[in-house]
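Each of the two complexes below includes chain A, the first together with chain B, the second together with chain C.
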Partner chain A sequence: MPKASSGLLSRSLAVYFKDLRLELRTKSGLNAIMMFGVTTLAVVSFALGQSGLSPKVLSALFWIIMFFSAMSGLAQTFIREEETGTSLILNLTAEPNSIYIGKLLFNLTLLITMTTIITPMFFVFTDASTDNILPFLVVLGLGVFGLVAATTLVAAIISKASVKGALFAVVSFPILMVLLMVLVGATEKIFDNESLSAVSSELQFLIAYVVVMTTISLLLFKFVWRE
Partner chain B sequence: MYSLTVENLGKRFGARKVFSKIDFELHSGDSIAIVGSNGSGKSTLLKVILSLLVPSKGKVEYKNETELLTDDNFRDYVSFVSPYLNLYDHLTAEENLTFFATVSGFNVTGKEINNLLAKVGLEGRGVDFVMGYSSGMKQRLKYAVALLKKPEFLFLDEPTSNLDDAGKKIVFDIVEEYRKETVILIATNEKEEYELAKSIVRLT
Partner chain C sequence: MWYKLVLFVLMSIMIYFSFALPAPQQQIGESSRIFYYHIPQAWICVIAFAMSMFYSIMYLRKKEIKYDDKAAIAAKLGFIFCVLATVTGAMFAKVTWGMYWNWDPRQTSIFILLLIYGAYFALRGAIEVEEKKAALSAVYSIFAFVTVPFLIFIVPRMVPSLHPNDSIISEDLKFNIEGAISLVFFSALALFTVVYIWLFNIGVRVQLLMRKQLEEEDF
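On to the complex of A and B.
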C-alpha cells in the first residue's frame, strides 16, 4: 500500500472540492436554495410591500427566509450520496471526520453564496435598513455558520431515511429553534440601530453555539455515518 | 504478513437468520470463495466482514504484522469491488481516481492513473464522464479504484459481473497477480470464479 502522505485537511478538502465540482455540474443544491429564497422573498415583498415594517417583524422574516432556504438545500450533499449509491464507497475509503469537515465546508459555501444574493435583495425589497453594518455582518456570519453546523449532522442522519425532505426540517427545527430565537433578537436590535454592546450577550451565545455544535457533530458523525 | 480472522460470525435480519457460525482465518497469500445460492447471504457476509453491517454474533479481526487494525484504520488496507458499489457519474474516470486516492490519504500521479486505466482496459477514456460509461466499463473502473491503494485485503463480490470476455480476463489476471501477497475473498456463484480461490466457504 502507498504510504499515506496526506492528512485530515487535504482529505477534507478532497471531499469539499469533489462536492463543489458535482454541485457546479448538477446545481441541485444551489438551485433548490436559490429558488426557495428568491420565491419566498418575492412573496413577502409583494404581500407586505415597503410598508414600514417594525424591526421585530423584519428580523423574523429575514431568518424565516434563511431557515427554509437552508432546509431546502443543505441536505442535498448527503442525500445525493445515498441516492446515487456512492455512500458505500465513500464509507469504505474516507475517514468520517474528513467527510464531515468536507461537507460542512461545502454547505457553508452553499449558504454563504445564497446569503450574499438574498441579503441585499431583502434590504431592497423590504426597505429594511441599519447603520450597524459590521454587527449585522457578524451576526449574519455566526447565524450562517450555526445553521450549517447544526444541519450538516442532521442531513447525514436523515439521508438514510425514506422521507428525507420533510424529515430534515422536522428534525432540524428543535435543534435550530434556540439559535433562530437568538438570531431574530440580535437582528431586531441591529435593525433598531442599537450599538454592538447591546448584542454582546447574543454574540457570546452564537459563538458558543457554533463551537458546541461543531464539536458535538465531529464527535458523533462517525456513529451516524457508519452505524 | 496481514491476517483476517472471522470467528463464530452470524447475522440476522429480525427473525430471519441469514448465516451463522462462520469461522475462518486467512493470511496474506490466502484466498477464499464464498459460494451459495441466490439469497444465501454471500454479499451480506462480505458487508459484515467489511464492517458495513453490524454482526448479530461473533467478531471480525484484521491484523498487520504487529497489531490489531482498528475500526478506524483497517479500511486503509481494504479494497472492495461489487456491482452495487457506485462511482461518481458526474466526475471523469481520472477525477474519480484522483479523489479516491486523495481521500484515502495518498497522492497519485497522472502517470499512475494512466497505468491503472491501461491495466483495466480503459486507456484513453480517463477524461470521459463515468455517466457515459457502459456497465462493463464502470466495473473495470471499480477495479482501477480498488487497485489504487495496492490493498492487503481484496474483497470481490460477483467479480466478473457485467464484464465481457476481455474484462473477465483482466479480472483473472488481477486476482492471479494479487493472490500471492494479498488476502482475497470472492463471493460468487460462477464456477470459473470460485476456482480462483484456494478454499471455499459454502453458505446454505
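On to the complex of A and C.
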C-alpha cells in the first residue's frame, strides 16, 4: 500500500492491483462471468441458429447476453470483501474515493476481458456481420463503460444486503434499462450497416450517461462504504 | 378535521364537473375525461418520488431515522399512485390506440419508475439493520432518481420508433385547456395533492406509533 500522502490515482491503482492479484489467484470472478456469457450464447445459438436473424433481434440478443453476464460477475469484488471480512481493514487503509475508483477499474477490466472473448464468439455463432467494425467497437466500448459505471455502486449496496445474488440484477435493472434501450437501438443501426454519424445522438447519450453515473457514484459511495 | 370536510365537498364537486362538462379534448372524445384523474396521479407519483429523494438526502446529512421513515412512506404512496397512473394510462391507450401497452416513451418511463420503486422495496426488505437499511436505500433512491431526466427528456427524442403515437401524447401536453375545463383540471391537481399530503401524514403517524410500541416492548 502506498502512503496516504501519495496521489488519488496511485492509491486507486493500489486497490485495483490488490483486486487484480486476488482475481488472478482464483479467477473465480472471471470464470463465473465467462461461463455465464458462453452459456447464454450457446442457448441463443442452438435455439435460433444461423437462421438469418434480423439486426433488431441480433442487437437485442447481444445486449441480453452482455447484461446477464455482467450481472453474474460484477458484484463479486464487493461481496468478497464482505465475506472474507476484509472491508473493515480496507476501510482503515484507503479512503472511499480511491476504493471506488479501484473497484471501478477492476470491474472494467473484468467486463472488457469477457467482452473481447464473447463478442467474436457471438459473431461466429449467430452469423451476424457488419461492415462498420469501428463504430461497433465504439458503441460496444461505451456500453461496457456504461454497464460498469452504473453497476459498481449498486454492487457495493448489494454486498451489504442479505440476499445478494438475485437482488443485484433486480436492483440494477431499473437503472440500466435506459442504457440498454439506447444500446440496442444503436447496435441495431450498426448491424444495418449505417455509418457512425447515424448513431451520433446515441453516442452523446452514452457519454453523458457514463459521466453522470460515475460522478454521482463517487459522491454517494462513501455513504455506502462507511455503513 | 375541517379540511377533510372541505376536501370531501370540493372533491365531490370536482368529480361531478369532470363528467358534467363537455369532454376536454373533442378529437379524442369522451375517453379524454380520464385526463382529470390520470395526470394528477402521474403528478403525485413524481412529487412522491422527489420527496422520497429529498428525505433520503436529509437522512444522509442528518442520520436521523425519522427522515428514512418519511422517505419510505413517500415511496410507498408514490408506488400506489404510480400503479393508478399506469392503469388509467393503459385504459386510455386501449381506447385511443387500440392497445393497452405499446412502449410509448411515457409508458416506458412510468414502467421504469415502477421498477425503481419495486427495487427500492426489495432492497429495503433484504437489509436487517435499521441504520444500514436507511443509508443504503437512501443512496439507491438518489442514484435511481438521477436516471429519470434521461428517461423523460432524452430518450423520447432519440428513439422515434418507440413512440408511433407521439402525436396524441404531444397534443395531450398542449391540451387546449381554458375556462371551466382548466379550472376543473387544476382543482383536481390541487385536491389530489391534498389527498396525498393527508395520506402521507397518516403514514408518518402510524410509523411513529409503531416505533413507540417497539420501544415499549423492549423495556
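Basically, the second predicted complex is superposed on the first by the 222 of 227 C-alpha atoms of A that agree within 3 Å, B and C clash if a C-alpha of one lies under 4 Å from a C-alpha of the other, contacts with A are read in each partner's own complex, and residues count from 1 in each chain.
The working rule: a residue touches a chain if its C-beta (ideal position, glycine included) is under 8 Å from a C-beta of that chain, and two chains touch if they have at least 3 such contacts.
Note that the structure is predicted; figures quoted are calculated from it, not measured.
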Q: Once the structures are superposed on A, label A:Ser201 by its partner contacts, choosing first (chain B), second (chain C), both or neither.
A: second
Q) So, does A:Ser10 touch the first partner chain B, the second partner chain C, both, or neither? A) first
Q) With the two structures laid over each other on chain A, which partner does A:Phe173 touch: chain B (first), chain C (second), both, or neither? A) second
Q.
So in the superposed three-chain picture, is A:Ser162 touching just chain B, just chain C, both, or none of them (first/second/both/neither)?
A. second
Q. With the two structures laid over each other on chain A, which partner does A:Ala60 touch: chain B (first), chain C (second), both, or neither?
A. neither
Q) In the superposed arrangement, which partner chain does A:Arg21 touch: chain B (first), chain C (second), both, or neither? A) first
Q) Touch check for A:Leu220: first (chain B), second (chain C), both, or neither? A) second
Q: Tell me which partner A:Leu183 touches in the superposition: chain B (first), chain C (second), both or neither.
A: neither
Q. Touch check for A:Leu41: first (chain B), second (chain C), both, or neither?
A. neither
Q: Mind sorting out which residues of chain A both chain B and chain C touch, each in its own complex?
A: 227
Q) Which bits of chain A are touching chain B when the two form their complex? A) 1-7, 10-11, 14-15, 18, 21-22, 25-26, 84-86, 88-95, 98, 226-227
Q. Hey, which residues of chain C end up touching chain A in the complex?
A. 60, 108, 112, 115-116, 118-119, 122-123, 126-128, 131-132, 135-136, 138-140, 142-144, 146-147, 150-151, 154-155, 157-159, 161-162
**Q.** chain A - residues contacting chain C, complex
**A.** 153-154, 157, 160-163, 167, 170-171, 173-175, 177-178, 181-182, 185, 201-202, 205, 208-209, 212-213, 216-217, 220, 223-224, 227
Q: Going by the contact rule at the top, pick out the chain B residues touching chain A in the complex.
A: 50-52, 54, 71-72, 75-78, 80, 84-91, 95, 99-100, 102-108, 145, 149-152
